[in-house]
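Take a look at the following structure, please.
A, B, C, D and E are the chain letters, set down in written order, and residue numbers restart from 1 in every chain.
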């Protein structure tokens, strides 16, 4: 098209080139990240895949690699997920609801906001120290699943609150007005309309947070998760071990077979993560569809 | 009540009556031994739940001295601060040696010049303020290649022991060595560094022997390389060290703990080898058993 | 059909009929949940300060804050925390230098260029990447990144800050990418339209309008990621070793503050001694450093926020 | 609407009726800045009152103050009195939840809940402890809103699948299900196509025998067509209030005349 | 505008002029569903053309197709031809960036960049390689948009601190700074108060001697006041196109008459 000068025309060609280059660069970067994940997964699975069988899933730890399995750690991790979810989700979502729907905008809510942002950045090991002092010692909950779950809950609470607030904020005001204009109280409005609409977004945050909780090792060891447990926990007051601890333990053994067991353990952990993410995405898509 | 199913259990039939929990924690070095013992013990005693943690000798003692665990795995002897903690809580305990760990001195396989090192040479390399930066600082005839050091972290029992017997004072060492808590990582370090020199547990050398070159140590009676035999009979000196468990007196009153400790000392000679450590001379286990019998 | 309520003038009251107990109870519960976060902070601060007090009775704060040698367990010991701070700085800055441009580029790709279908796949994959245990990243560094680095830079040490920074960078990249993507997508379409309507190319619209407008959310994602980098333990320990080092190089082993805390809390040092108390001194230091970073960045955010609504 | 009906309606309008809402010197301020200034007028039972005026003159603000929806706007404050069945809406002992239950509202943009059609209607009554037959109430409300025939076969479908006009009628039905004394509507047709608009205007005629309705509109033709009384506002003040006929044909104020004849706005 | 000027303007309008945009059988489809159907008409140089019609009839869709802003809407496709200076806007060799640079647009909701007033104006020219004096260009554009006096002392303040009407004039100034051949406006006054609206209408009169303007409006009074030509659309089709006088006083189609006299909509 030629309604512009030669100069402008050349300029435009250069701008288009830069624009295309930029778009490609962004694409390449993104796909490389995905590729890195693939490399990581392939490296891990090559080492561990041959060990991954039913015997591995159904056995307790052992000094003999062929006998060793991941049962206690897997069950411990599943317990942790359930307990942490039961503790952290209600508390985190409640706090987010309070801050978004009920609190007056003021100094206190500003302070709490900064505080939560800061807690999200506190290293996990510090939570381990805290959990040991408060839950294990002060509340005498001992070195139990519940101590671990409470500690992990504190650790991921800020992430859940931040993500939930974001999701709650996205719910259009018009929905709230509709409910309020029918003579609903604030809580009725929140419970029946705001929360269901924000659910998919909250779900995303919760899954990200829980994934983080699953992968953490240091705070758990610090508050006293065991490395060898040859029974399944019967209740929240029982001793426990968890996947990352078992993996870490195997990885630091001298025998090459244990390194491979560690890799197999990593695969199991990734599958747990994958299942959780998939569940979240499934629920998210389902509720999103229902609301559309 | 119904004996049909237990008929095959044979000699362990009296042990199956045991119930309760035995809680161990402490050193990650001793962990594999205790784990192996716990595994076998549980097979024989289905009613007892044994848990083993690995929060370090120090972390373990702080729990042990608070009465939170029954047995503490230790890669070093208990320290005065820790004893004080126990005294405050009224915790009495017994120390039992369970195995030897031979610290292995290794270099990169590409290192053709070193065939042995004396304790004095090790000291000159590792002592605080050491000026040894290249191999010819150790012996002038060795090449002028940079010397890099690898060893366990400064807070580990292994490191404490090494500095105590080599340098002469616990914790005295040059700070500029590459440290890792994980001996596998140290293996990788030395295996990947032509001028590298490192020390770590004998088991880690055994399983990576092809990547490393083991250096015999001359403690005054000629160079000796660590082997199961030289460690067990004490000729690999001074770099073989004992590993311990500590048993609390209050816990030893419980039958399941007693059974566990007895089983520990009985089966240690076989199981210790399984996990890469060196058993004590047989009479020492017997001595341990009788001390323990007198203790409870 | 009943026509009663609209029609009749039966008297009714709009006055408060008693308190709404359920409502009040729920509000109280919500408020308590909110306060949990405040209590957590208070508990952390009290605990750390109380424990580090013992440490500072033995070691002068001057030595701790300004000393350049960190060998608390060696004999003779020295308690200068700067090498640990330096190690943390190297890892954090290195990781940020890698993750910020790459993460932002991925976020831009997802929000501005990718089709909805691609985005629906790539985003969960990135979220998965964010959930992989850090131990895994550590072994990835040791068995993959470091060997590659060693062929490129022959005199790099086996344990080196560079390798640690790279994996931590890879580790925090997904956090930046997904959260920044959310922020960029929240920038109103009307701004993009305004920019396109004056004849801008997609590059210009993205870099000059969309990213600046979404900057507050983007910066928040940087912040969260950097906090994670500062707090990262396992991966760094495995990749970069545990040697406190105050030298201006990424080719040697270092130790970070968190790595030190883990080392002490899981090691063989006796609890109760000065060596053990260093743990709390370092943890306190770390807590206040992250607090400082958070406050500074909140302040920066406040200044640079382009409000678009 | 044929001619005879129209005549009847007109006759009806002339009849006296009581005031449901009585505004006395009402001002509404946003962070101290007045958006509505000293408005006094009455809203008559079973009549349709429309509020017209240029954009930004305070129509919505005034309307929202009639059922305390302004409570949810930051920094809003109200002066003067609004009497509702003799009680001041802003009295200290008044429960705003109860006020909104009695005075319903329909918004400019249709805002159905992202739930089924049935649930949209039944939610309000159920939280307010309605104990009659919910099915009947839903049917009756949808019939009143002239939506029943169109949706009776898909009551459990999502309300979001309805067209804009249907959604707006659903919102009206939802408000009617609460059997409010007064129904406030803020530009209920501005987002709608002409056919939906016509539907809703028909509906207003039908509802006026049972409900008191206040409607804000930017469309003067609409105000002229549907309402009995008209309030004309400008920059926060009530310029003129009177019977619709009079406002559109013999306005007292020059400003009103200019506005309704389209000379500005 | 006094009577004499009006007469002049009217005389001017009668004069022949060339077509800047020539729409030939244009249809616009959203995922295959037509929103604009077979529209043919011409946009005349230095004239104001308004597009009116009920909500949802396709006014915005048609307007956006004139500078390819529709490219950013998912699933949109276009049939027919739009000739601009003789070239088809949708021809394969046409650069849409170039098109938008030549045919400016002002949107319904003011959408200033969250930057300073100065930067809002200068950004477009600077990325397009403008090499004259930027200060002068900014001043000139703001003057053309009748905003200069109000903002000259705070050019480096954020544009978001301006009132809605000022923001909309800023958006016009931003478009003018590109010196476009055509200026498209989509309900530029719908979010504005009457005073701002009057400002912008005045502005349109001033701009028409230099620019070709197409304006979408839902306000018939406004269309009647400002435009030379009027297009009336309904459900995607162009019902009638002609001089504004004629459309409002002697419409050819019954539907048009009903609409402009307010009988529906």
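The rule is simple: a residue touches a chain if its C-beta (ideal position, glycine included) is under 8 Å from a C-beta of that chain, and two chains touch if they have at least 3 such contacts.
Not measured: the values here are computed from a predicted model.
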### Task
Supply the minimal count of touching-chain steps required to go from chain B to chain C.
1
### Topological distance between chain B and chain E, in contact steps
2
#### Entry: Pair joined by more contacting C-beta pairs (A-C or A-D)
A-C
### Query
Taking each chain's centre as the mean position of its Cα atoms, how many Å separate chain A from chain E?
50
### Summary
Distance between the CA centroids of chain D and chain E (whole Å) is 34
### Task
List, in ascending order, every residue of chain B touching at least 2 other chains.
28, 54-55, 59, 181-182
### Message
Residues of chain E that contact two or more other chains, please.
### Response
97-98, 101-102, 127-128
### Query
Tell me, which residues of chain A touch at least two other chains?
15-16, 185, 221-222, 251
### Query
Once bound in the complex, which stretches of chain C touch chain E?
188-201, 204, 208-209, 212-213, 306-308
### chain A partner contacts - residues on chain E that touch it in the complex
85, 87, 93-95, 97-99, 101-102, 127-129, 181
### chain C residues touching chain A - in the complex, by the definition given at the top
20, 22-23, 26-27, 29-31, 33-34, 36-38, 40-41, 43-44, 47-48, 102, 105-106, 108-110, 112-114, 122, 124-136, 139-140, 143-144, 170, 173-174, 177, 182, 201-204, 206-207, 220, 223-224, 226-228, 230-234, 258, 261-262, 265-266, 279-280, 283, 286-287, 290-291, 293-295, 298
### Message
Considering only the defined contacts, which chain A positions touch chain C in the complex?
### Response
15-16, 18-19, 22-23, 25-27, 29-30, 32-34, 36-37, 39-40, 43-44, 90-92, 94-95, 97-99, 102-103, 112, 114-126, 128-130, 133-134, 154, 157-158, 161, 166, 185-187, 204, 207-208, 211-212, 214-218, 221-222, 243-244, 247-248, 251, 262, 266, 269-270, 273-274, 277-278, 281
### Message
For the complex, give me every residue of chain A touching chain D.
### Response
105, 172, 174-185, 188, 192-193, 196-197, 290-292
